[in-house]
Each structure stands twice: as C-alpha cells, then as structure tokens.
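Two complexes are shown next, each including chain A; its partner changes from chain B in the first to chain C in the second.
Moving on, here comes the complex of A and B:
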C-alpha cells in the first residue's frame, strides 16, 4: 500500500530535479558575462587561444549538448571548476556543507523541542501563558533573521560575553558554542510559526466530538490527550514543521553572512556577486536537492501518520 | 486596503463600524501603514539632511538634537536615510505583490476554468517552482543579471507566484461551481467576460487580503536580499542596505543605526500581518 504513494512521490522528485537542473543551467547559459570573459579575466586574448579555451571548457558546443555534458558530470559529482579559485566545485561544496548541515540541524532541534513544546503547553493550558505566547509569536514571526542575529550578538556576545559572535570554531564543543547564536537566530521565527501551528491544531483536535465524548465518559485526561488529541494533531504539526525546516536551507545564507560562517549559503551569495557561475550552479543544485529530499521525508512521515493517505487512490 | 483607509478618513458611523471590526491592533496597523506610505512618497523631501552626504568626523556619533537617531558608519544622518529609504523598501515589495498576484491569478484562473490537462500542467509546474526558495532564485538572478532592485523583484515575484496560484486556484474552483457562472455561460457570455465581470470581482476581497499578507512577506524578503547584497546596492538608502552597512557597529557597541532600520522593517511587517489577518477574518465572517 505504501509503495504506489512513495513511488509517485519519488518520480515527482526526479522530475523536479530534472527541471530544476535545466532552469539552473539555462539561467547561467544566458548570463551576459559569459564564462569565457571570467576565464580570460578581461585581458585581450588572441582568437586562437580563445578557441582553445572554448574547446577545453566545451563552450563551442550547442546548448543542449552542453546541458547534457554538465548534467551527466553533475550526476557523477563533477560540478566543474570554480573560475575564482580553480578548485573543483564539488570539493568547495563539500568543505562548506558541513557547517550549513550542522547549522540547519541545530536549528531544527530547537524548532522541534521549543516550538512544538511551547505550542503544546499553550494548546493544552488556555490562560495567561497562552495569551503571552500568541503575542510573543506574532512579533517573533516577523523578525527578519539578520535582525535576530544582530540582537542576539548584542546581548549574548557583546554585553554578556557568553558566546562568540563570529566564525565557526574548531572541535565539537567549540563548534556547538559557535553555532548556538546562529542556530537560535535561524530558528527564532520558525519556532514562532511552529508553536502557533501546534497550538492551533491541538485546540482544534481537543474540541472535536470524540474527545469531548471520551472526557465526559470519564476516560483519564492523560490518555485522551496522548491517544486522541496528540495523535491527530501530529499530522499538521509534522507537515508544517517539516516544511518550515526545509525553508531554513535557503535562509541559512542570511545567518551565515551575519555571523561570518563559511557555509554553503554564504558562499552562494559571494559567488553570485562575483559571477563564479560554476559554483552558483553547483550550490543551487545541492540546495534544491536538499530541499526536495526534506520534502520527500515530510511526505513519508505524513503517509505513516495519516492512514487515509494509503487509501487515497480509492477514496478519491 | 484603500477601502479601509478611506473608511478611516470619513468620520462618523462608518469609522466606528470599521474600527470595531479592525480592533485596536487593526487601527494601529492602518496608522503604521499610512505613515509608511507617506514616508515612501514624501520621505526624501522630509529628510532634514542629505541622506547620502556623510562626514568622516561624524561616524558613529550618538543621538543629538540635530541628529535624532545619530549618525551612521559614514557619518550620515540615520533618520534622513530611514526616511529616504522608505521608498525603495516599500516600492520594491509593492511591485512584487502586483506581479505575483497578476501571474498567480491568471494561472489559477486558467487552471480552474479549463481544468483537465491545463490544470495538471499548471499545478505540476507550480509544484516544481516550490522547490526554488526566493533567496535561491534571487542569487541566480543576481548571477545572471547584475544585482539590483529589479532582479530581486523579479526573483521574488516568481517565488511567490506558486503560493498565490495554489491558493487562488482553490478559490476559483469553488466559485466556478456556483450556479451564476453556469447561468452566464448558458446566456452565451464568453469566458473572458464572465471572469472579468463576475469571477474576479467576487474573489477580489480574498485577493486583497492575500496581497496585504504578501506585502508584509515581501518587505521582509526585499530587506533580506538587500542585506545580502542581492538587492538594492549601497550607497542607496534602503533599510536592508542600512543594516548591512552598519553591522560592524554592533560589535563596537553602536547598534542604533542597525536597530532603527531593522525596527522599521519589523513594524511594517507586523502591521501588514495584522491587517491581512483581519481582512481574511472579515471575509470569513461575511460567509
């Protein structure tokens, strides 16, 4: 029963990646500053040397051939050579993906623990805490990540001096210390979003008839909450948490820039400003891949949590 | 939006009826919006100093009677730059909202009206577009074109379109099933006439509410892109640019320019969220 749903999802994923790779490649192909100009560095080069360069980088082939060359190499992990550093793009990406991965993972843990935790507290206990949470989350959801980065730096790095403000640090302990402020800055608005969704879905489920019936028949409150309220509320909570976390992949660029972290997002921005097209292509491809894979995970979680998904074909 | 503002302006019963529905937060949000729009229109003329004229001796000077919010990294008056920056910080998002609403609603209308193959092509294209976050599209646009307001605006408009299209497709599908559409079809009105005269006007309140929410997100995203160097370029006065220019001040315990620019963004975004939610709520109450 699981197979058709997952197979369909997987095919959609492949199609998305194919189209995404085409869009990314053709965008770079259309760029007015052709890679050849970056190769020669603006110097005037004899036509013969230019032809050699074009042949070496296969820039004289037709568009679709070039796309196919690029894609077949990219699938094998060869993303070409950075024009700025002359290094392999895949190496440059591998060096930096660790920080971005750690940052997004750290932020995801914060979102799941704090966001869902606060939302559950507020959802299950209406009252002052609940009102405070609504006010706090609607403000926090509107704070841009660069501003939360700056305010956190001011408080915890400059005034209190508890945590470092810049760089990524070496070793596990130092790395966690250095990534704490960035991860909080990255997670802050998402925590607010997830807390709101959690609270709303718990409220909705708690108000349903079968829950009221169970309570009025004297079923212990704890059992009702875990078995009926949380079980059903878990579906929208998982979906929205997953989608929120997937969106962090791109936002990490902002936090990495604010905290001078040498991650993928920050490198994407630097490379796109310096027109290092091979790097931009490579990172864009990796980010889209990560985004699509995370969404696939969300879909799988959704299928496991919601038994109706498997019957989808019949019910529809 | 404009309906609300004119209702606020006209005194008497109308104002009371409107404000009771908006609530105090809604009224505050409208006031913020009016101020922000006023700054966007008249800001450069209201600015007490030339927003781009600095003096090295004035760098990082704190608030004084002449400079209410102090001076920035290059000794420029922060308040003047905030006022002058309101225009690009608000105009960019406005274009994003208009473009994505137009593209999204045309696609949604096509999908809902023709259904079948057209619908599935449009819907799956939108699904693929979802995989491109706004920042990624903006980085691609900045690499292809030169970084500036236009690449950022185009990238965000494309990134927002699938959200608009998905939402409006559902709304249009529901509207399409209503008897009045069938009645108009039987009378021989063309699809375009029915859409322009009946469908779109009926759905307009949802589009306005959605546009209000989108505007808030767009203000945030344009500020983020300018901060990253993918949007408006320094030394142009812009709220996102101001944050990135003055970021070094934070470590030197001089955060005022950064915070004041950041606060402008947050205040406008919160106001737009409140307004958008109220408008959506008002729409729900009517049903």
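Moving on, here comes the complex of A and C:
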C-alpha cells in the first residue's frame, strides 16, 4: 500500500517542480527589466558592453529556447550559472541552504516545544495561567517577524550584549548562538498561533462526550488525557504546525535580511530583483521540494497518529 | 546609483523608535554635528596592531574582475586588495602606483614599472602583465565597462621588461585618471589565463599587488583579506585581517555597528540612522569629500524640459536646503556646479577659486516663475521616472515635484520598482514617455571633466537626451588634449559654467562621503578616493 503511495507522491512532486519551473521562468521573463542591469548596479554603461554580455549569457535567445536550455541542463543536475557572480547555482544555493535549513529547523523546534507545550498547559489547566497565556499569545501572534527581529536585536544584542546581531557564525556552538535571535524572531508569532490552536483543540476534545463519560466512570485522568484527548487533538495540531512550519520557509527571507544572514530566502529576493534567472529557478526548486516533503511528513504523521487515515487515499 | 531592499524604510523607523526607547547614547545635537564633522580626506593614522576587523558593504560582491566592477561593494573590495598603474590619493590627486608615468611626447605615454612591485605570490610585475591587464580592459569583445575610455589608444606595447608604452591617436590627459582607477588595475597574466572563466569569481579569485591579499571568498559569508607581509611599498598594514561583509539592511548595519560586530563601513550619506550613530559612544561618523551628485537627468528634449529656460527655472525652484536636512541630515551641500567639489583632483586652487565665484544654486522662485512664463510653459506636464524603493530617490522626486508645482508646472511621477529603476540607465525602451529621471551618480575619478564628458559628448554613456551643445563638446575636446593641469582646469571651469546655462542634468544636492568606524579603529580614508585607491593602508588601532 505504501509503495504505490510514495511513487504517486514522487510523480506529483516531479509534475509540481516542472510546472513551477515553467511558471517562474515565464514570470521572470515577462517582468520588465534586463538581467544584465544587475551587473552595472545602476551605473551608466556603454550599450556595446551590454550587448556583448547579453550575448555571452545567451539572453538574446527567444523565451522557449532559453527555457529549454535551462531545463535540459537542469534534468542532468546542472542548474546553470548565476549571471551576477558567474558561479555554479548549485554551489551558491548549497552554502545558503544550510543557513536557512538550520534557521527553519531551530524555529520549528521552538514552535513545537514551546508552542505545543504552552498550548497543552493552557488547555489542560484552565485558570489564571490560561488567561495570561491567551493575552500573551494574542499579542505575540500580532507581531510580524521583522518587528520582533529589530526589538530582539535592540534588547539582547545592542543593550544587553548577550547574543550577536549579525551573521550565521562558524561551528555548531557559534551557529546556535548566532541563530538564536533570528529563530526566536521567526518563531515568535507562530509559537503563539500553534499554542492557541493546541489549546483550542485540547479544550474541544476534553469537552467531548466520550471523554466526559470516561472521566465519570472513574478512568484515571492521565489515561483519559493521553488516550482520548491528546490523541484526537493531535490531528489539528499537526496540521496547523505543519502549515506554520512550511510558511516559515517563505517568511525566513525577512528575518534573514534583518540579521544579514545569507540564507536562501534573502538570496531569492536579491536574485529575483536582479532577474538572475538560473538562481531564482534553483532556489524555487529547493523551496518547492522542501514544501512538498514537509507536506508528505505531515501526511505520514497523520497515518501514525490516526490509524483510520489511509495514506493512499489522502494522497489524492 | 545604489540599490537596496525596500523593506528597510519601515524597519528603520522601528529601529529608531526602539533606540529611543532603549535610551542608549547621547542625544544628537545639530550644532555639535556641524562643528565636529568638517570634511576630512582621511582619518588619523592607526598605530596599534589589530588582529581583525569586519567591514560592511551595502550589497553582495559580484566579481573581483576590475573590468566588470562598477558598484560600491565591488569597488570597495577591489581597492582594498588590488592596485592600479597609478594611485588615487585621498585628496583625489593622482600619484605613481605600480608604475610611474611620463610623456616623452604628446601622443606617447610611458609607464615605468617599479622593479620592487610583487604580486601576492611573490612574482615580479612585468611589462607583459601590464600590457595584458590593459588589453583586457580595452577589448570591446570582452564587454568590459571601461573599454570606451581607451578610444584614443592606438597601441599598448612592452618596450622593456619593466616598461610599457602606450601610443595615442590624439593627446589624452584623461587616461591618467582612468588608469588610477578600476580600468588601470594590474593583474597577473598567468593567473588570469590559468583561471579562465572562473577568474574574478569566488572560486577563481584574483592575483594583485595590494597590501591586502585575498584569503578566502565564500559568497554567503563574504571576503576575507589578509595583510600582505611582503607588501612591496611600505609597511604591512596594522589590521591583520579584514572581512568584507554584505549588510544591505540599514537597521541590521546600525545595530551591528553599535554592538561592535561591524567595525566600519562606507555608506551613502542618505543613511537614515546617521543621527543614531552620531549619538553613540562606540562609533564615530566621519564626513569626507565626495564625487557624488544627485541630479535629475533630462532624458528627452521633446517635452517642456527641451527649453533651456524651463530647465533653469526648475533648478531655481528647488528647495535644496530641505533635502539636505531631511534626507542627508546635513551630510550634503548645495551645488555650485554639476560636479561635486570633491572631484577637484588637480589644479585644486584654480578650481576652488572659481568654485567660490560661481553662485550656489539657491532657491529663487520669482526668477523661476518669470522664466516659465517667458517660455510659455505654464501648466505643462513633466514626466519623471523614479522609484519609491530607494528613500533618497523618492525624496528627490518629491523635491522636483514640489519645485515644479511652485512655479506653475505639473509633474507626473512614473514610479517603478527599484530593480526596474536601473533599466532607465541602460534600456532606451524603459525611458520612452519620460522627460527625465533621477540619479545619484559619480565619475570614475576626481575630475569634473570625467563627469561632464559622459553627459555632453555625443557618444557619452550618460548623454541620454542626445543633447548636442557645440560649446560644451568643444571645451571637452580641448580639455582632454591640454597638458598643463591649471590650463586644463580653466577649460573645465568654462565647461562647468556653460553646463550651468545648458543644464542637461539639473543638480539637486552633493552628498558627502560618509565613513562610520568603531572608535577603537582609525586610519581609513574618508574621501571618495576609497572607491579606487587603497583605503585601509593606514587602518589600525588607537
């Protein structure tokens, strides 16, 4: 049952990548502006020099030829070279992927541990703590990452000097230190959202008839919570956490810019602004891939959490 | 022009607000600012050894190939490590560099290479290397950005192991300036040929002669340059290692300067957090002479701006003081001429005297209104290309809009994205329908003629309106062939004054060079010469 499911998923992934690459390529091609402009940084340069460079990068070819050139190389693993830096796209992306991956992973851990943790706490223990959390999460959910980035930097980097404000650092310890503020900035509003969803789902499950019946029959509270409340609440929690984490991939660009982290998101913005086609395509493929894989993980998690969920059926 | 991400204006506001909330530093004091920040060409020489420093640039470094280097990040990095045939000194003047220049006759330029000059790998710089470096620059098939400036060069030949002779078709005294900048960078022939396509990229690197050598280049982290212990000319620099890092976001730059994670940066004077940095006890803001001029480029003479009187009226109607205060926080001045006084790289006394005599462009609404009326241009519309993504461009557009409104003209702003804004400069299609567009521009070297020539000559890269003013063309031709610097300066002064009458571009303000440095460091060049000459040779601790 699982093999056809994975195969189907793989084919869908390929189709998604192909369609995405074509759509992105067309959009970039149709958008006004010239890729060569990025090389000049906006300074006046002789038209002759520009013509020579356009020919060198085959930018004078028609659209479909350019797309075919890209695609035929891409399927062989050659993502082309960046116009701006004349470097292999795969190399340029590989270095930056590490930073974005670490950032998103760090933020995800924070979201899962703190977000779900707080949500469970609030959901299972109504009272003052719950009210406080509702207020705090309402505020936190409304703070956009770029704002939390600046405020966190001012407090923890500039005023207190506890954590660095810039760059990604070398080595594991430094990397964790450098990514702490960005990860918190990135995760903050998502933690709040996930905490609230978790709390709501737990409340809903806890109020259901079979749970109340179990409690009234004297089944130990601990067992009721783990077997009936948490297990059933896990599905909506997984869904919202999955979606939130997937969205981090896109939002990371803002945080990367604020902390001058040379990650994928920030690079995607720079490259699409300068119409560096091969780079945009490369990053987009990585992002689409990450998104699809993440969804796959969520689906598998469903199946594990709830035996009623049939993987093959969900895939459609 | 510089291009930065557009989210920054909002984030900067938040930054300023949170700085105020955090209550750090002193309050900025305007009087304090005026008196302390007089224009300096360089900062006091550093005396202490420093193991490492981080220097921020406002974007990614794309290449270290001098013929494709034009922007701020690239030029700053290149001038740190690579040397040209001649050197641009902090005051903009030109001195001997890798070679010494002499002119046995008007059309022959001889470069005698200093026999001590060594590449980083220890190899001596030969005439072959120099010929190769110059030939690459001038070969139009390679698409180098400076090849047009070699148009009077007939041949470049090695006339000795350490001597290169350039034969000219006509006398050319502008060549010196170009060869003291990116066009004159000396590369090792063998290295460039060995690296082929990868030369100048992060994998191929480069081989130069400067006091800092390229240690590593990771596109995502930046460039690490190391003090060259065997530097041929003078001492090894005091800062052992300089990391060039791209920090385009102003808010991020400001906080990392305050935390000491970034030790220094050259930044456009329009930087919105300048006052916050001035108020800090940890960093110091220096201002120096610059080659920069913000201006409105008249790109079509078919509309109302085709009339000389209307162009003059628009210039007279501008509130330049307002822009200097609001956008530049005092770090700019009102132009007398299209060229910034920081470009007076030779015959400085001659230029300075004439500059004082030339009136500054002060606001005179009465005369401006009269000129518009005389031209019969009242109520006509001027279409200006701009972008809201760049704060200083948006502010400048507003200034022209207000100026036009105050004298009975209408302005239609054509706002495009930051990235499309660049296209106004290189794509004629993008300019269709525009009367003018905004710029923040500078010449390659310190000579007002280097700026004017590209604007007024028929084949000039900046002559967007295809304007042909006989007098300006003639003056430029004469200046280019005049040997005596004072005499050449007088011709250029005539051209500058004539430019004020014709106004192919309408100057707005002239921003200063802004250098921000951690107080533990000193010695960096604080004039615009950092774009082409060594700026960290005297950098050190204090």
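Methods note: the second predicted complex is superposed on the first by the 253 of 316 C-alpha atoms of A that agree within 3 Å, B and C clash if a C-alpha of one lies under 4 Å from a C-alpha of the other, contacts with A are read in each partner's own complex, and residues count from 1 in each chain.
Definition applied: a contact is a pair of C-beta atoms (placed from the backbone, for glycine too) under 8 Å apart; a residue touches a chain by one contact, two chains touch by 3 or more.
All values reported here derive from a predicted model rather than from experimental measurement.
Colleague: In the superposed arrangement, which partner chain does A:275 touch: chain B (first), chain C (second), both, or neither?
Modeller: So A:275 meets both chain B and chain C here.
Colleague: Which partner does A:158 contact after superposing on A: first (chain B), second (chain C), both, neither?
Modeller: both
Colleague: I'd like to know which partner A:250 touches here: chain B for first, chain C for second, both or neither.
Modeller: After superposition on chain A, A:250 lies in contact with chain B alone.
Colleague: Pick one for A:142: touches chain B only (first), chain C only (second), both, or neither.
Modeller: first
Colleague: Quick check on the superposed pair: does A:30 touch chain B, chain C, both, or neither? Answer first, second, both or neither.
Modeller: The answer is first: A:30 touches chain B but not chain C.
Colleague: Is A:112 contacted by the first partner chain B, the second partner chain C, both or neither?
Modeller: neither
Colleague: Output check: A:167 vs chain B and chain C. Expected answer is one of first, second, both, neither. What do you get?
Modeller: Touch partner of A:167: chain C, not chain B.
Colleague: Quick one: classify A:235 as touching chain B (first), chain C (second), both or neither.
Modeller: neither
Colleague: Mind working out whether A:260 is in touch with chain B, chain C, both or neither, as first, second, both or neither?
Modeller: Only chain C is touched by A:260; chain B is not.
Colleague: Residue by residue on chain A, keep only those touching chain B in one complex and chain C in the other, then list them.
Modeller: 32, 146-147, 150-151, 153-154, 157-158, 165, 254, 257-258, 269, 273, 275
Colleague: With touch defined as at the start, can you tell me which chain A residues reach chain C in the complex?
Modeller: Residues in contact with chain C: 32-34, 36-53, 56, 84-87, 91-92, 95-96, 99, 146-147, 149-151, 153-155, 157-159, 161, 164-168, 254, 257-260, 262, 267, 269-270, 273-275.
Colleague: Quick check on the complex: what are the chain A residues that touch chain B?
Modeller: The contact residues of chain A facing chain B are 12, 15-16, 19-20, 23-24, 27-28, 30-32, 138-139, 141-147, 150-151, 153-154, 157-158, 165, 247, 249-251, 253-254, 257-258, 265, 268-269, 271-273, 275, 277, 280, 284, 287-288, 291-292, 295.
Colleague: Show which residues of chain B lie in contact with chain A when the two form their complex.
Modeller: By the definition above, chain B touches chain A via 124, 127-128, 131-136, 139-145, 147, 216, 220, 223-224, 227-230, 243-244, 247, 250-251, 253, 255, 258-259, 262, 265-266, 269-270, 273-274.
Colleague: Enumerate the contact residues on chain C facing chain A in the complex.
Modeller: Interface residues on chain C, with respect to chain A: 1-3, 5, 7, 10-11, 14-15, 18-19, 21-22, 24, 59-60, 62-63, 68, 70-72, 74, 140-145, 147-148, 197-198, 200-203, 218-221, 245-249, 251-253, 255-256, 258-259, 261-262, 416-423, 425-427, 430, 441, 454, 461-462.
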